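Step one of this worksheet: look at the structure below.
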Amino acid sequence: MAREVLVLDKINAGYGEFHVLFDVNLKVHEGEIVALVGPNGAGKTTTLRTIMGMTTLYSGKVLLNGNDVTKIPTHKRIELGITMVPEGRRIFKTLTVYENLLAGALTKKAQQKFQENLELVFNFFPKLKERRNQIAGTLSGGEAQMLAIARALMADPDILLLDEPSLGLAPKIVIQVFDIVKKLREEAGKTILLVEQHVKHSLEVADRAYVLEQGKIVLEGEARKLLTDERLRKAYLIL
Amino acid sequence: MSLLTEAQTKTTAIIIVSVVIIAIIAGVAVYYASQKPAQTVTVTQTQTVTKTASPTTTTTSPTKTVTPPKIKEIKIGLIEPLTGAHAVFGQEAKEAAELIINVINNELGGIKNLGGAKLKLVVADAGETPEQAKLAAEKLVAQEHPPIIIGAYISRMTAAVAEVTEREKIILVMDGLVDSLTEQGWKYVFRVAPKASAHGKSAVDFVLDMAKKKNLTIKKAAVIHEDSIFGTYVAQGAEKELAKYGIDYIVEAYPYDISDVTPIVSKLMDYNPDIVISVPYFHDAVLLAKTIKEMGFHPMFIAGAGGCGYTDPDSIKAAGEAVEWYTNTYSYNPARPTEWNKKIVKMFEDKYGKLPTEAAGIIFYSLMTVKEALEKAAVLHPEDPLNPDNLRDAFLSLDLTDNNSIAAQLYPTGHIKFAPNGDNIYAGTAVIQVINGKPHVVWPDPEPGIQPVFPRPDWPGAKG
Amino acid sequence: MPNPILRVEDVVKRFGGIIAVNHMSMEVYENEILGLIGPNGAGKTTLFNCITGVYKPEEGKIIFRNEDITGLPPHVIIQKGIARTWQKVRPFKKLTILEAVTVGALLRTPDVDEAKETAKEILEFIGIEKNRWNRLGSEITLIEHKLVDLARALATRPKLILLDEVAAGLRPHEMDELAKVLLKVREEYKLTLIVVEHVMRFVMGLSERIIVMHEGKKIAEGKPEEVANNPRVVEAYLGTKPL
Amino acid sequence: MPGTLSKKLALTKERLYSLVGLAIILALVPVFLGFNFYYVLLAADVMLAASLVAAWNIIGGYAGQLDLAASAYMALGAVVTGHLLANFGLTPWIGMFIGAGSAVAVAALVGYPTFRFGIKEVWYALLTSALVVIMMRIYYLIYGSFETYIPHMEPEWLYLTFRRYEVYYYMLAAMLVIIIWVNLKIKDSKLGYYLAAIREDELAAEALGIDVRRYKLYALMIYALLAGLVGGIYITLTGILSFRLFDPWLGIVVAVMGIVGGLGSISGAVLSAVILRSIEEYLRGTIGATYPGSHLLVYGLIIILVGVLKPEGLASFIDYFKKKITRRGEEVG
Amino acid sequence: MQVISVDPSLLVQNLVNGVFTGLLYSLVALGLALIFGVMDIINFAHGDFVMVGAYLTYVIATTFMIEPSLTAFITMPIFFLLGIVIYKLIIEEVLGAEPLIQIAVTVGLLMVLRNLALMIFHAEPRGVPFTIFTQPIVIGPITIASSRLAAGIVSLVALWLIHVLLTKTKWGIAVRATADDREVAELMGINVKRVYAVTFGLGTALTALAAALIMTFSRADPYLGLLYGLLSWVIVAMGGLGGVIGVLFSGLIIGVIEALGITFVGAGARELFIYLTFFFVLWFRPRGLFGRR
């Protein structure tokens, strides 16, 4: 098995006194796409935020490339090779497309590989190249999502966390997004942790998956197998 | 429902009750308090009297019918803005008062007619608002109850103090210059210093006098003034005088804390007056002078009116060359060549390392006048010289000239005599001009070796 | 079929270039519990906001009890009898539970004490324990927030309550508790409920009828089991087949 | 049910008793001060500050609007009352209501569009601060910088031109009690509940049927009314009318006192006004004259410390003691 | 007060004066706009930073006999550090606090600064008695005071530099990203706390530059802050968060309105015009003239 890029070890976390995650264990290996699925409010986003150090961590450890990053502030974790595409895209609306990409590449590591990554990103998203001088606030939903992913790629991460990348997008675009997720691994060699509502899609692109419910991991395993799992179906449509 | 409304009526009832309680206690308390007038004061006074019986005076009083009180110490209140925006005046006034009290007590041997009684300065801070000034007055009255108070520079603060001193029958020697202060029908107020409008008048008189000497005619004038009550009164004095001589003029008022005056200077340049009568405060004086210079505005003359502004040492320090040839009317003439004036100025310079400005000067002669009044009171009313009405009488009967008093020697006109409203009949100002970066008195009589510069050398007509 | 209490007719709401609600029509019948489901971004919350007057729809009409209420400001709409709860709890942090509910009750009476009594009745009915009534909004648990939110809405004596993701973030037993309360409330106060929900087992168990929204439009309508087996719905949720 | 009802009544009683207690204490203050003019005047000054802060509490504390225009409404009440007395000989007993009425009118005139256009937070604060300057300049355009001194008129009780300060003190103390009462009354009323809801969350409040703009305007107008009345009494005390009464700085100070007291807490507001005003005056008398400005420097430091360390203000201390008392009460009951 | 019939050349002259004053106002407000735009901190002490800057200019210029405008090279770095210290000591504690708390704390800061100045320098105005700007520049019928011209040009250049800094540099991108979305900025590896500290430092340093320019023609006094505090806020409010451009134009508008008010009515009505304009702008364009989030 490949190297473990990200390990969550018995994580208990939440916001202030509001406990959300209970003993969450999770691993992502190099070159893997791992899906984290579950109903709304199950704690998927909280898991990602905990990885980035944006929640209150009560106990447990976050390991990145084998290093304990539990006590490292968020902005320094980026330098260590991890980036997150936040839910709802949250591109910098007042900046231009190109400035958004610049904002993604402010770390030392990213600066060195700026040109290389820019080419990669424009290659992936030719639309962004066309619109590089447009104010990002005027982009459509799909373009904005592309930009959010592109911005994260500019940081030259080893592992990319994607939070609901297909949220609120037209089906056509959703398909594109999942295509891109696949391409990111295949062509750019990125490791990906994906949080999604589109369970089917995500399980189709992912190698492995975790199912989160009420802040606990209730199921984990090979994605394709989970796809046909009756329990998963129940978690979503209880009948 | 009914229960709740009952509770509400109860609420209302209890509120009314509590207000009534306040009212009743208030009524009783005020009645009780007003029954015994401010006795404490007289008590303390008699106490001081008995305690401090001086042997010399007791022996010299042969008659037992009227025993003149043996006074060793007389408190003089000083209420000046020692904190806040006007502290610049108040602090200097305090320094000046300390100096003069020292002179009176040590060099002049106290109040001679009262057996060499010493003066004791009691100071309170008038702050920045009328309430604070009033508080200061009440504090001074409650703690010290001086028979005479000097203060409080800023007009509305002086007015606030006057209300207290009138009630307590304390003589208030005002160093606030606003005209209306002596128009309120107050009985126990006196003002040695020239009032605001006199400053405006003097500025115009000075310019016209100079122009006459140089055979120049003045047709158009501009009056610009900061818009406080003081500035407005000064400007009015100038306007009246200009109108009297049939000179056309415009008036422009502005807040003294204005950020930029270029539009005003442009307006002046557009009107192109022969002379400018300017009534500034400190801050705007620096700004105006610099801007006028920088905009290349060259009228025949720019005359300042009102106590502070262009010729103050601090202003000259701050504005540099820009205030060269500016004049200012002054409630005090530091260059008057009288014996005592020279002496006091020197003492002040030695002690504080700076020239006395107007704030100090007013205190010089006001305090010296107080001394003269006390001397006079001792003569006129030996039985009770510190009685307010007796003191008032003494003030009104003063007629001080250079020959008979130090106070007059310190005063610009050399003559002090009070009108019934408390103003000095012979009030007048001096005009000071900045020549080679130093303030010099140029009018009514120039300092020795000093020639007033008129018109301004940069006036285009000066050479032709 | 009874009369519809609320009719949404051909409503359109756009944000910039994005159409959030796209010619949506639906009817809600008196005293029913209607589930409104759909994937994230389907336009449910926007539709809610159009009904409650937070947004003014660009096209279409909203008719409540035979009265056109389109574009009325929120405080007027609630007077007509439509109350709502919030997806993200919006507590009055410095007010106690009792006070917060009293605020709602004051809509129908100027008398604070009367309103307080109403609030107490409702709190008791909903099952918040008395010793919690004086807790501040900043000190209570999530389930209490949801219940207070509901109580606040109930206190305005509405005919129709729109519940926006009430179950989000709750534990299973809390959800069951909440569902029970909602059913009880519906009976007692003769209410109509519209439940926007993501948690399927909650909404499927609670609703009598379900409308599925997708991309601002209605794509299915019917009994819960019908809807759950509708291939379009499954597709909308689990996603279309990749090409 | 009856139990809870009596509990509610008991609460009201508790408040009323404390109010009556306060009234008695306030009434006795001059007695304790031995009718020393200085201390009574100082006490009157403290009452003035406390009244203004208590009035501000309605708009700032209850409605959560950052109003910095207390001095505008107070000064308007003052100048209207003062000029009616000085120029037309109208008794301040009537004049102060006309003055307060003008303050309400201005509040409505400014508040209506301001709330209508949804101006909130810092923008509202700036607008109100600018309002003070605008009104100052309007007064200046009418009266110039001339000062009007209200003369002593007989009978004193009719024209409120007393030579002693006790009467003014008692009037301001009574005013303070009335303003506290209005505060408590509002707090317990529909308006109070609505204002609290608006302060906490405007959108949620609106969804509960509250016409946010209207209730904000009510709060503003009541506040203006009270501030105007305080101004009317104040001017009979100082008797000096000038455009400097419209003091933007005073508006800020009133708000700051309210914040230091703790938002929405009437006891905190009053306590903070009393403490801060007394400290300021004490420091002014002790260190202020030796080092000009030092008293305000200390004052500023106190505000910073409270803001940084105890943003809930003095009210949190009061709550702490209250809780201690009520907890004990609960145990007994 | 006599009404002067305004002749056209005076009008043009005063419009020009207004433009230069307005440019300087923009510079004064720029630091505030930056701090408020990026950090959402309501700083009521901004005007008093200008005041402290004016005193520092006075002290340095008169001690070392340096042209006052050039002292900016010394005062700006000092103020940059001062800003960071104040940020660390006070501002960081109230980040994200309620607006009222921020107002209270910065009012406290204002009182400390103002009264410290009063204690040290007393209330007398202090000025630098020398400057290279003494001669007017006359272009046809228009006379421009050279210090105002210089101040205007320097302001414009400073505004332009800040604009370039914000749009063209790495750091500027980080600042704007932080202003846009603090949390996501952190996800981009931006040290938000440091960005805040530096922004506050820069905002403060800009007041030092403005103060140095002001000292070429005006004076320092403890109450100078009153003059520029509210005015800066008015400019920021009118400009909205339209960045440097918004600040520039609203500064110009204020400057011109002030000059017109003085020309047609009188200097006493100056504030009336400025603040009435402010009222109407807020009422009818609550998001400012140049947009706001």
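Read from first to last, the chains carry the letters A, B, C, D and E; within each, the first residue is number 1.
The working rule: contacts are C-beta pairs under 8 Å (C-beta built on N, C-alpha and C of every residue); 3 or more make two chains touch, one makes a residue touch a chain.
From a predicted model like this one, the values you see are computed outputs, not experimental measurements.
Among the remaining chains, those touching subunit B as well as subunit E are D. In summary, the chains found to touch both subunit D and subunit E are B. Taking each chain's centre as the mean of its C-alpha atoms, the one that lies farthest from the centre of subunit C is B. The distance from the centre of subunit C to the centre of subunit E, with each centre set as the mean of the Cα atoms, comes to 49 Å.
A straight line joining the Cα centres of subunit A and subunit E is 43 Å long. Annotation: 31 Å between the Cα-based centres of subunit A and subunit C. With centres defined as mean CA coordinates, subunit D is found 35 Å away from subunit B. Residue positions of subunit A touching 2 or more other chains: none. Residue positions 140, 292-293, 295-296 of subunit D each touch two or more of the other chains.
Each of the following residues of subunit B touches two or more other chains: 84, 87, 91, 227.
Within the complex formed with subunit D, the subunit C residues making contact are 52, 54, 73-75, 78-79, 83-84, 86, 90-95, 99-100, 102-104, 106-107, 110-113, 115-116, 120, 137, 152-153, 156.
For subunit E in complex with subunit A, the residues that touch the partner chain are 167, 170, 173-174, 176-177, 179-181, 183-192, 293.
The part of subunit C that touches subunit A in the complex is made up of residues 17-18, 39-41, 142, 165, 167-172, 198-201, 204-205, 215, 224-225, 228, 234, 237-240, 242-243. Within the complex formed with subunit B, the subunit E residues making contact are 1-2, 4, 7, 9-10, 13-14, 17-18, 20-21, 24, 118, 122-130, 133-136, 138, 143, 145-148, 217-219, 221-223, 226-228, 231, 258-259, 262-263, 266-268, 270-271. By the touch rule above, subunit A contacts subunit C in their complex via residues 18, 39-41, 140-141, 164, 167-171, 174-175, 178-179, 197-202, 204, 214, 236-239.
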